[in-house]
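Two complexes, one shared chain (subunit A), two partners (subunit B, subunit C).
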Partner chain A sequence: MSADAITTESHLGDYAVVTHTLTRRFGRKLALDSVSARVSVGSIYGLMGPNGAGKTTFIRCLLNLINPTSGSGTVLGHDMVRDSVAARRKIGHVAALQPLWEWMTVRELANFMAGCYPRWNQDAVKAVLSPVGIDPNDKIQELSRGQRTLAALAVAIGHQPELLLLDEALTGLDPISRREVLRNVIDVMHAENRTVLITGQDIADMERICDHVGFLIKGRLFWESTLDDLKARVKRIRIEHPGGPQPQVPANALRVERAARETEFTVTDFTRDLVESLAAPGRRVEMLDLSLEDIFVDLAQPQLAAAGPAPDAPVKVPA
Partner chain B sequence: MRSLIAKEFRQNHLLVWLGFLMSAMIAALYYAWMRTHVETVRDQRDLDEFCGIILLLTTGVVVLVSTAGLFSIETTRGTLPFLLGLPVSRARIWLAKGLAGLAIAISSALLLIVPIAIVLPQVVREIHIWLYLPDIVVGVLLLFSVAFFCTTVFQRPISVLLVTVIMLAVVLIGETAFLSSAGPILGYDDLFDATLISLFLVPAFLLASLFTFSRGELLATRRKWGLAVFGLLALIAFVLLAITGATRWAYRYSRAGVRGVDATSFPPHGAALQFSAYGSPAPFQRDAARGWVKEEGPYRSRHTVMLDLKTARELMVFPLRGWNRQADVAVSPDGRHLVEKNPGWFGMNSERMAIWDLRSRRRIYDGMPARSRNAVLGRGSETSWSPSGDWLVVPILSLGAPVQVPDRPGQMGRPRQRYGLLLMRPDGSRHVELDLWEEPEVFSPGQWSKDKQRWIVGWAWAPDGSALYTLTGGGLVSRVAVPGRETEKVWSGPAPGVVLPAGYLWRFSRLSVSPDGRWLEIPAHASPPYRESPAVSGDAEQLAAPPLPEAAIVVSAGGSRAFTIAARQFPSAIWSPDGRVLYLVDTTDNKLVIYCWRAGDDKAVPVAAPPKTPVVKVEALRSGSLLIWGNDRTYLVDEQGRFTVPRNEQMRSLPEDHELIGVDDQGRLILRSFKPSNQLSACDFSTGKFAKLYP
Partner chain C sequence: MLNSIDPKSAVPIYLQIIGQIRRQVAAGVLAPGDQLPSVRELAAQLIINPNTAARVYRDLERDGLLETRRGQGTYISPTAAALAESERKSLVSERMAEAVGEARSLGLSDDAILKLFRDALARRQG
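Our next item is the complex of A and B:
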């Protein structure tokens, strides 16, 4: 399906990002493997994956910093390749440890950025800089690594983007700064029904702020759903069976742990019916909620353990 | 866009100041040097050259440094993705960088040039900076484009610097090689062509840079390289094809910069014209660093051209490079070979002769054919090909013990060297030496007879190429059967039958063969022995003296004398194309004296009633008539010796600003105009129509 075909679908207005079988190769390495993702407008989408999973490549494709080898996509209704300039006008982007022009002051950087966008809100910049104590007259080269990230974040939202791409941007921030960012940037964006796509390794933060999640491993997006849906579907089942026979574990169960008296496993399509089907006399079936980190580990480990290129996604739940 | 340009300026402003500092340092050092060495600067040229070279070098360095980092520094410092993430197209980013970089390069160059141009002339003496501006502008543009291309491809500034220098050298060498193989592009000026190619290459490099940046940024290095090389080669190929294609399309009319056309000659068949075409003059306009003062001649380039007169297309264009610009050149009548005779440095014994195969453009002979005999190429005498092009006659000057030739009897004279002839094949094989003298000869009036005057001073080929006629100063005409050195005495002269004063002798310098090969015309002039070296002009006694008698002797190819005519002035001899009529013409002192001799007659008939008109040119037409081109009228002389006027009214008065070069095989007059200068045209004498031939 081409990007044009995608954009003609009536419900696409609900999505800030839509990709269709997006693929990117670097020589022999397959960085993105037919990624079809959808990020709803107004959502805070956490894209998670281990190092080298292709998260940065995905974001660079969205910005058209690199061209996809195949596939297509739209960003805020614009074709991400052919109409990338228009898309970038509505996008704010902060990458981890993003180098900036060190000879500039923060104010000069903001002024430079202001000249590149049709509209600019200096107050939004100040709202990020002031709480963390960054003086606009400071030179970039005088700032710490975290402060540089904050400065980049501040200028990335000056044009009030409809989509904010944070590529590991929270990495390296101290807890206070991170909290300020979450409060002054992400919460504000969310409140204004603007979209945030965030990648990172700090899953606790992601769990706290994201309402949508996607898991990307070896270039393949093998899970994408709302956080609530994810948590509702992925459960840990514990069956206590003192003296009784080992219970039958579902075929698609993950991280199965058997002991003499109990068996635990994770299911990705949890329903009440499943609990009832596992129930038996002398057994105690218990459903455990999992944290996002646990879910990610349980889902990612089998993918990572598989040798070679990314295997077929075992589970794919449409958002 | 504006903020992008402003950012580039701010980012690179240090380089501008660096340029300014360099300028100040150079100016200060220059001033200090001039103060202490002002006496060693011999002339203005030294001053300008020194200043020009310094300017070219320093400007190049500043441009290179300021351009090399435009993209590579962004790549090295990792700010490029941030820049590319802005809502600006890559083309705009590229354009902003380019404009800013060019502006920085130009402002840096100005910071170098302006202080030198303004301050130093006040201190030392005037410097002609403007002479170097075209060189600097072209150099800045080419260097900028190459460096800009490299900075989009390479990630490290140092790599950009090194590769730019290498690539620039490759470009310049490639330009030279291209011009060598493809011939002149737009004109007969190699440097002009090279400059034009450079200017065409500038957009090729810039577009390749744009292509690479817009398609390949953030690609893996190898892929980006592939993209860049592909783009660059494709664009350069396109540019060169476009240039050469356009040139070929408008081949003969697109020659630019032809400032001189001379040394014209017709091969025997008269269907083609060979001439030398010159590029623009060396000094003043563009290449002051190399030739502001005329040292190597008035032109920067010279090409030998063979023009097909029927189609007006160039059959051959052959560049004469370097010192060969001053060489004597002769193309073989069959158009297959070209001989260059280069006199080399005066007194340096560096004469060279080269023969080129014009089809393969290979030099098949290069050397000094008579070196082993301790001789050099003769100066001032032309090499000449046999009509078939199989043999070449090379005049050589003996380097053996010079002959002491006294100016007056009984005196020791200054040393004189003697001429001889060498016959050789185009590939340098089969040398046949003619008359290299073994014994020095001492001049004395009593002994100066025809037997002693054996120096070959003139030669002419039989029209069929079967023999070479040689003429000695004493009037001995010999026929040399070719190949071989078997000679046969044809005529031993001189004795035109006119009584000369005591001590006077007849002397000979050239001969001509009739087009049918049946007759030889041998002019002679009387010479007193002490006029061995001509008297200085202004000698009142000599000026007042009556002119010495001169003569024309015509003998048959077998040696029997046909007739001799003596006159007060030396006549020029013009054969009709079929060789049946010889016109002896004297045009001095605004008088026109014509003798007409028909083959087989025993005397020449004076042509009656010559008009009193200054004569511009006399030429035999294909019809056998003689064309007299006067200042205001043209006349024809027919074979019966009658004056007529041309039937075509237009031809009764030929344009004043034209020179008659000759008559081609179709009977057309080949003319060279002076306004516009050096344009060749053909004139059909019967219809009066002019046709532009060249350029």
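Our next item is the complex of A and C:
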């Protein structure tokens, strides 16, 4: 384990986040099950999964708001647990329905946050607030849900963090606020070596802005790659066989659908050779591209069906 | 200027944008010397990953459709006019290849396919 940690340390330049078999239990529930994730510096990494998959637990571990039960990790080169204070200085964090000081005005909130960090870029804060008409004199409690999220984002990027964590920050926002948040995230990325880790449910948003994706279900990270790699490898194969016999389907094929004269399935290791190996007289073999949503559903299905080690008894997560 | 993209489409986003720019060059909507938004502007305008926007320009520059003038921005290249003619042909030939593939898979003979093309041309002439 310690040898592992040393090896990772020498490659930290490439990764903003590295975790090793990160595990967190809440009572009998395994919220994170041996998650080994790598988030490349300069990427927008989308961590996707259904509710209760462990996305927020993962983010909270990175922030050292909760301790891992076992496993380890580094954030921006700092040990997640031991050096969390150093790491936190370089992280910006926006959560869904983030508690803010309701009685403060937006300006007071920004000034308060500015006091917490050695350097602060007020122009970056204004650049988020002004286009959407948030007045610095507005009280937080008077803001709409979308405005609150934008205010939270504005103060989260004031210290120019190297890593921005957006935990379900887009969930439940109106389309205009959502676009504005995404636009600001893209703007943040313009500076060198910035990294964004975003969790959420809206797959279309993820597909727009992410270049890396991780799929999390029942606390297990069962896929992690670039979005391009994912789309190149996961394909739907359709075989029309009007005259001939039913074709053989690869053993690891997913969502196999058989009709009398047509067979469809999803593969996760697509190559051109595969199409050729399936070819036969009287057959037409076709490769279909899949959207991220289709890919997620096809890959997630066997994970959901697999019997998880943890019982599904609802466990209260300490706030 | 650019149409919006469809993130739900199975066609990768960078290919959607490349396709739109090629079509606009082929149709003369974009002409040599026209300036394009910066990578940052393109990413913010379409709300896409900046690396995706950079890849669009990299690929189009490699193909000779765009040129980047250091410190000034990205422009439709002077050679794009010559490319426009071949672009027009290649866009149509891609569609024709699809149609031929479909026709063959449905078992039509070459003569039958040619006749369908002639009929389609004749219908459009009126």
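As a working rule, the second predicted complex is superposed on the first by the 295 of 319 C-alpha atoms of A that agree within 3 Å, B and C clash if a C-alpha of one lies under 4 Å from a C-alpha of the other, contacts with A are read in each partner's own complex, and residues count from 1 in each chain.
The criterion applied here is as follows: a residue touches a chain if its C-beta (ideal position, glycine included) is under 8 Å from a C-beta of that chain, and two chains touch if they have at least 3 such contacts.
For clarity, every value in this text was computed on a predicted model and none was experimentally measured.
Participant: Would subunit B and subunit C fit next to each other on subunit A once aligned, or clash?
Facilitator: fit
Participant: Is A:Cys116 touching anything from subunit B or subunit C once the two structures are fitted on A? First, second, both or neither.
Facilitator: A:Cys116: touches subunit B, not subunit C.
Participant: Have a look at where A:Arg183 lands relative to subunit B and subunit C in the superposition and call it first, second, both or neither.
Facilitator: second
Participant: Return, as a multiple of 10 degrees, the angle whose vertex is the Cα centre of subunit A and whose sides reach the Cα centres of subunit B and subunit C.
Facilitator: An angle of 160 degrees, rounded.
Participant: Counting only touches as set out at the top, which of subunit B and subunit C does A:Asp289 meet: first, second, both, neither?
Facilitator: second
Participant: Could you look at A:Ala204 and tell me whether it touches subunit B, subunit C, both or neither (first, second, both, neither)?
Facilitator: In the superposition, A:Ala204 touches subunit C alone.
Participant: Can you work out, in whole Å, how close the C-alpha atoms of subunit B and subunit C get once everything is superposed?
Facilitator: So the smallest C-alpha to C-alpha spacing between these two chains is 27 Å.
Participant: Which residues, counting only subunit A, touch subunit B once they are in their complex?
Facilitator: Residue positions touching the partner: 26-27, 60, 63, 65-66, 85-86, 88-89, 91, 93, 95, 98-103, 108, 111-117, 152.
Participant: Applying the document's contact rule, which stretches of subunit C touch subunit A when the two form their complex?
Facilitator: Listed in rising order, the residues of subunit C that touch subunit A are 5, 7-13, 40, 43-44, 47-52, 105.
Participant: How about subunit A: which of its residues touch subunit C in the complex?
Facilitator: So the residues of subunit A in touch with subunit C come to 42-44, 179, 182-183, 186-187, 189-190, 203-205, 207-211, 228, 231, 240, 284, 288-294.
Participant: What residues on subunit B touch subunit A, complex-wise?
Facilitator: 2-4, 6-7, 10-11, 77-79, 81-82, 84-89, 218-220
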